[in-house]
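Two complexes, one shared chain (chain A), two partners (chain B, chain C).
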Partner chain A sequence: MNKRILAITTGILVAVAAIVYAATTTITVKGSDTMVILSQRWAEDYMAKNPAVSIQVTGGGSGTGISALINGATDICNASRPMKSSEREKLKQRYQSLGVEIKTAIDGVTLYVNEKNPIKELTLDQIKAIYTGTITNWKQVGGPDMKIILYGRENSSGTYVYFRDEVLSGQDYAQTMQSMPGTAAVVNAVSRDQYGIGYGGAAYAQGVSFVAVKKDVSSAAYEPTAENIKNGSYPVSRYLYMYVRNRPSGEMKKFIDWILSDEGQSVVTKVGYFPIR
Partner chain B sequence: MRRLIAMFIVCTVVFSASVYAQEDSTDVNMVKSLGEKVDELSGKVDGIQEDYLATKATVDKISKVKLSGYLQTQIRVAKDTAGQLNPDYTNRYDIGEFQGGKLPAATRTVFQLRRARIKTTYATSLTQMVVQLDCLPFTTGSAVSSTTQDTSGKYTVKTKTSAFLSGGGVSIKDAYLRFTDPWTKSFALKGGVFDRPFGFEISYSSSSRESPERSRLYQTLFPGERDLGFSLEYLPGDNLPKFAQFFNFKGGFFAGNGINVEFDDLRDFIGRAGFSIPIIPINMSIDGGVSGYVGNVRDRNDTLYEVKSGKWAASTGKKWDDVDKRYIGGDLELFYGNIPFFGGICLRGEFIKGKQPSFKSTNVSQKTGQSSKDPVYLREIGGYYGMVVLNIDPVRCQLVGKYDSFDPEMNLEKKEVTNAADIKYSTIGGGLVYHLTENVKLTAYYDNVRNEKSSVAPFTSDVKDDVVTFRVQYKF
Partner chain C sequence: MNIVKMNDDKNVNKSAGSHAGTLKKTGVMKTEQNRDEKTIIQDSSDLCRKRSRPFEFIIEKVILSTAFLSLAFIILIFLFVFREAATIFNNDKTETSAVYEESETYGEEALGDNPGIDKNKNSSVTMEADQSKSSFMDIFGMTWLPVSLTPKYGILPLFIGSLKVALISLLFGAPVAILAALFTSAFASRALKETIKPVVEILAGFPSVVIGFVALIILASLLQNVFGLQYRLNAFTGGLALAIAIIPVIFTISEDALNAVPKHYTDASLALGAEKWETAVYVVLPAAMPGIFAAILLGIGRAIGETMIVLMATGNAAIMSMDLFDPARTMSATIGAEMAEVVFGEFHYGVLFFIGVLLFAISFLINLTTEVFIRRLVMRRFK
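Moving on to the complex of A and B:
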């Protein structure tokens, strides 16, 4: 009888160990679209050095990633905004954990306009008025007498939330804003639309012009350059985060440690964001 | 000859001019045509833009409606007996009443649809309307008409089957409106049928709770968890200063009789002042609160019973008096998310003390029965529970342990208890929860139920009423 119990117990332990081992050699990463390219580069480089580890990266937006972390559908969540207290509450309820936040890079949220658009700088108040629908014509900010076409992100995006909370002071976006499924789609739309304006990560800005941002009318305008973002002059910069449920261990810890190492942070620079150190 | 040459030159010039004029006119036509096309396309784009805005407005409206729900189906097994029967084939005592409902007589195993809930929420940024329904099948039963005993002692039950339906159908679980203040977005007014703002376990959803059922003290004092009333809530948002985010409050006035229509003009105040202190750097959170219930029930009998000197004593002249219903409670939850290998752990405990008006045969808060003309029994109740939930994150499991105790009359001890409704109970529960997918949860849970050794048969010793529950839940 004792042998039978021993055999059953051993079997259960082996099965559990096998599941744990399988779970730790495949790492799933989901979340921020802003961070998809960066995260894929990290995964590719890390897997090239550690062939036994499989890392699967998908986007969907920071909100989607955080939901996946809460639902157990991903191991790591990428987020371009901090986790909300309501989201921490859900994590706490399900996992008895507030989650572990890891700052992985710095990004300047960039305002894009078409290359033919003569507007080169805007104040934060003007940007807010444009995106809340108070300013609707380029003439009102010194441009041509043409309607402003707004492009933005979907509400599952961390950039959407960050921009609304930090730039629009929590006010709702104008009804006329066209919600695009990713930052690349925003850039693409603005590059084709002479009177369009969009926002997103600095790394995506190709075929469009940056708008320099001023804190107010009397302050200087700053472009989203590495120097301006790092020294805090550029007014719309943020951290890019990774979240995990508990203190990372095993392969996940090694992967995150590598991201924070000089090697991992050099990928940040190559992709077009800014290292945390 | 000269004349011929001159004519040739003139013809050439005229031809060239006409060709040039024709080409010029073609270009003008082409530009004109392109302009028309651009205008046409621009009109189409404007039309698409209008269509997009109209569609977006519709989609935005639809996206405000959220549908969620869950279904729990389970098998319950009475560990030992359901065979201790009275002569009329009814159980000598109830089994499983606080583990998902009484098991039918002479039954050890039941298949059960425990909860099947659909919740519809319409939410704008500042308003919310919620209706949640519970849809359960009716159970059928048959009434026993008479029992006879022959000389050998054998019983014969004559069943004049009169089938009846009970315990099911579609019922309201929640139906409320919630208005949030537009400035801080942290204060809200709520009205309708919703969870009573008391303690922790009431508002902790049955779909998330790790033990299959709430503690005995909550099931006794707050049956159905909901009540009809209005409340003010302060649930701080991220926009408030940090220190303001540590505190929360819920409180309001309620009819005091569950989801049923009100039958008197007495209102009960129920409230909880709480705190939640997240210590993010070490992945720990300490939450808690104190709760109060101040209410009354109206005595429709001349006599009121209370325990004095170890026995029930009657006082008269109490008809139409308002009898106190008072509880005070405290709850504390400690979360720590960094246990190596396992992940997170939660230690949770609550206590409630107070005065509970009910009747001789029951200690449960009445929903509609206060219109009864039976004498009111005013009990001094006390109870608590403590539980631990340990995650094993890599394998999506949770280990659960729980101990709860409920004494419906703290002034009576053991042999002084002569009434079944005054018996103290404690329950040790433990189980395993496995989150198969994000929607599916499996639970195996064992409840060891212990009663106080009283003077009431068969509760002179611990009766055999342990229950094992195997549950599958689907949530969306």
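Moving on to the complex of A and C:
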């Protein structure tokens, strides 16, 4: 009698497990460290509504994510910069597709300084001169007579590449820039270094103060607020992308459509980035 | 195995006999027991001789193959690293430019009019350098900027960074470790010795990421406040953290070398009226010098190869500077930070492997020197 009950229970359990397993679709998301928090919130909210779908999010950097997309190690790749032509070419060699680009959010790349630093605004030219090594002392931009300590991201980061292309107009970073593994590490370093300056996503800035950015000397300075980024007054903003190999279908299409819906975009605002519309 | 057992037969019988004798004190039982023991042992040794041969053969071959397996792994790793590094010697591939016009977007219609970003500028492709122009000679440059529109692959600043950090760690780690070893071997009581050695061994197995984290958060701020340093993360901070990692390496080997000094050296010195510390410093320490030198070399090896601590605590700026308080980027940290990003087969990828080859060569040389020192000097001195 007991044995029979045991057998039946086991059978039911196995059957249930099999059904649950079969019903669960797993979507892996990998890439940009800037987008990790955002993607995790998307995944959590989406999974709460659709328990049949399991979404796994990991970081590593935009370059790492794109490599994973090319190698087939991830379904969706997060990237804080557009794909390079050589990366698209590699993807085409393997999957006969140049990849599908999805703009999911807008991020203002913000400049952080220590809270004790009196500098509150900089022009784009000044930022460029600071990061290319032409300006090396805070005195030159109206601050105290102290050397500027540069903090940046590792060269695997999409933010590194974006900042170089957009702010430094393709010029090289000064060699004295210290590379930090992740935006959180940059913020941490600047918050402990009175004469440090760093850059990264707006969602991370805690314990440091933002620098308001002016397009040129005569224009007004704008803080990286939602309002300023949305209406285009803040000069350093970018899209955050998701890349997939082929035009999304099935569960993945549902997930991406949800991200682009009002509900998904409200998560963007909550996390500290800006919706695409 | 069999031979040993046969030789031991007599001893075993003797001891078993006396044992039985003390217990029973009866002549008859004594001889009986003796005979029993003898037959059992002979039986078992017969068994061993006949049956265990194939078993032993298999075991022997298994052990032999595992030994060869580890050898094969080293050779394979060696070959792989060299093969990948070789790509930088013939970098003249003609790159085909991709066609972006075909690339698809999704959900664009939902975007609407957003004045925030200049779409024409931003939705295209990231600017990219032509990697095919780079050649092997580039790696002797003075600048390390691999992700740039004009990439520069000079590994000299990385080499200097590694050297600087290793030197600082040695400057702090080696004296501490050697003196600690001297104390443990010459002065410490048995109980203290039994405490110090396991604790240092725990330190040897300490995760380097934890040491790195402590250096990054606590040590860096502490040093900056005490010395008024300009850079919070610099070669000095990294070197000091690294010293914690190399102390157990140097300590363990130095301690062994000091213990290997024959006791009659110490006895003679003490008998001649030397103090305990005089004996330790003027007799034991010089006698163990080759071993200690080997320990220091292995410490350098560990310091140059260590990745996580330097990645976290040195600031990672590739500067050509001899100043110990400037940030530094080491060779190992560069591989650790950039390997995940590079596109396979690119010049950058090859250069990272070439740095790996350099590290390999350095550690090989160090191990070779150590081996020679131990063989030639230590062994000869005591035989």
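Simple rule for what comes next: the second predicted complex is superposed on the first by the 253 of 277 C-alpha atoms of A that agree within 3 Å, B and C clash if a C-alpha of one lies under 4 Å from a C-alpha of the other, contacts with A are read in each partner's own complex, and residues count from 1 in each chain.
The rule is simple: a contact is a pair of C-beta atoms (placed from the backbone, for glycine too) under 8 Å apart; a residue touches a chain by one contact, two chains touch by 3 or more.
If you're wondering where the values come from, they're calculated on a predicted model, not measured in any experiment.
After superposition onto chain A, the modelled positions of chain B and chain C overlap sterically.
Of the two partner chains placed by superposition, A:Ser209 touches none, neither chain B nor chain C. By the touch criterion defined above, A:Gly72 lies against chain B but remains apart from chain C after alignment on the C-alpha atoms of chain A.
Legend: residue contacts after superposition of the two complexes on their common chain; A:Ser249 is shown touching chain B, with no touch to chain C.
For chain A, the partner touching the most residues, choosing from chain B and chain C, is C. Of the two partner chains, both chain B and chain C are touched by A:Gly170.
In the superposed model, A:Gln178 lies in contact with both chain B and chain C.
Applying the stated contact rule after C-alpha superposition, one finds that A:Leu260 touches chain C and leaves chain B untouched.
Once the two complexes are laid over each other on the shared chain, residue contacts for A:Ser85 go to chain B and to chain C alike.
Touch criterion met: A:Arg94 reaches chain B, while chain C stays clear of it. In the superposed pair of complexes, A:Thr110 makes contact with neither chain B nor chain C. For chain B, the stretch among 117-125, 153-161, 207-215 or 351-359 that collides with chain C in the superposed model is 117-125.
Chain A residues 84-85, 88, 92, 97-101, 170, 172, 175-176, 178, 247 lie at the interface with chain B in one structure and with chain C in the other.
Per the touch definition, chain C reaches chain A in the complex via residues 95-100, 102-108, 110-112, 114-117, 122-128, 131, 143-150, 152, 157, 220-221, 230-233, 311-312, 315-320, 327, 329, 337-338, 340-344, 346. Contact residues of chain A toward chain C in the complex are 60-61, 63-64, 67, 81-90, 92, 97-103, 106, 147, 149, 154-156, 160-162, 164-165, 170, 172-173, 175-181, 189, 192-193, 196, 229-232, 237-239, 244, 247-248, 256-257, 260, 274, 276-277. Residue ranges of chain A in contact with chain B, taken from their complex: 16, 19-20, 23-24, 71-73, 84-85, 88, 92-101, 170, 172, 175-176, 178, 245-247, 249. Put simply, chain B touches chain A in their complex at residues 52-53, 56-57, 125, 204, 208, 237-239, 245, 278, 280, 283-285, 335-341, 343-346, 389-391, 393-396, 435, 438.
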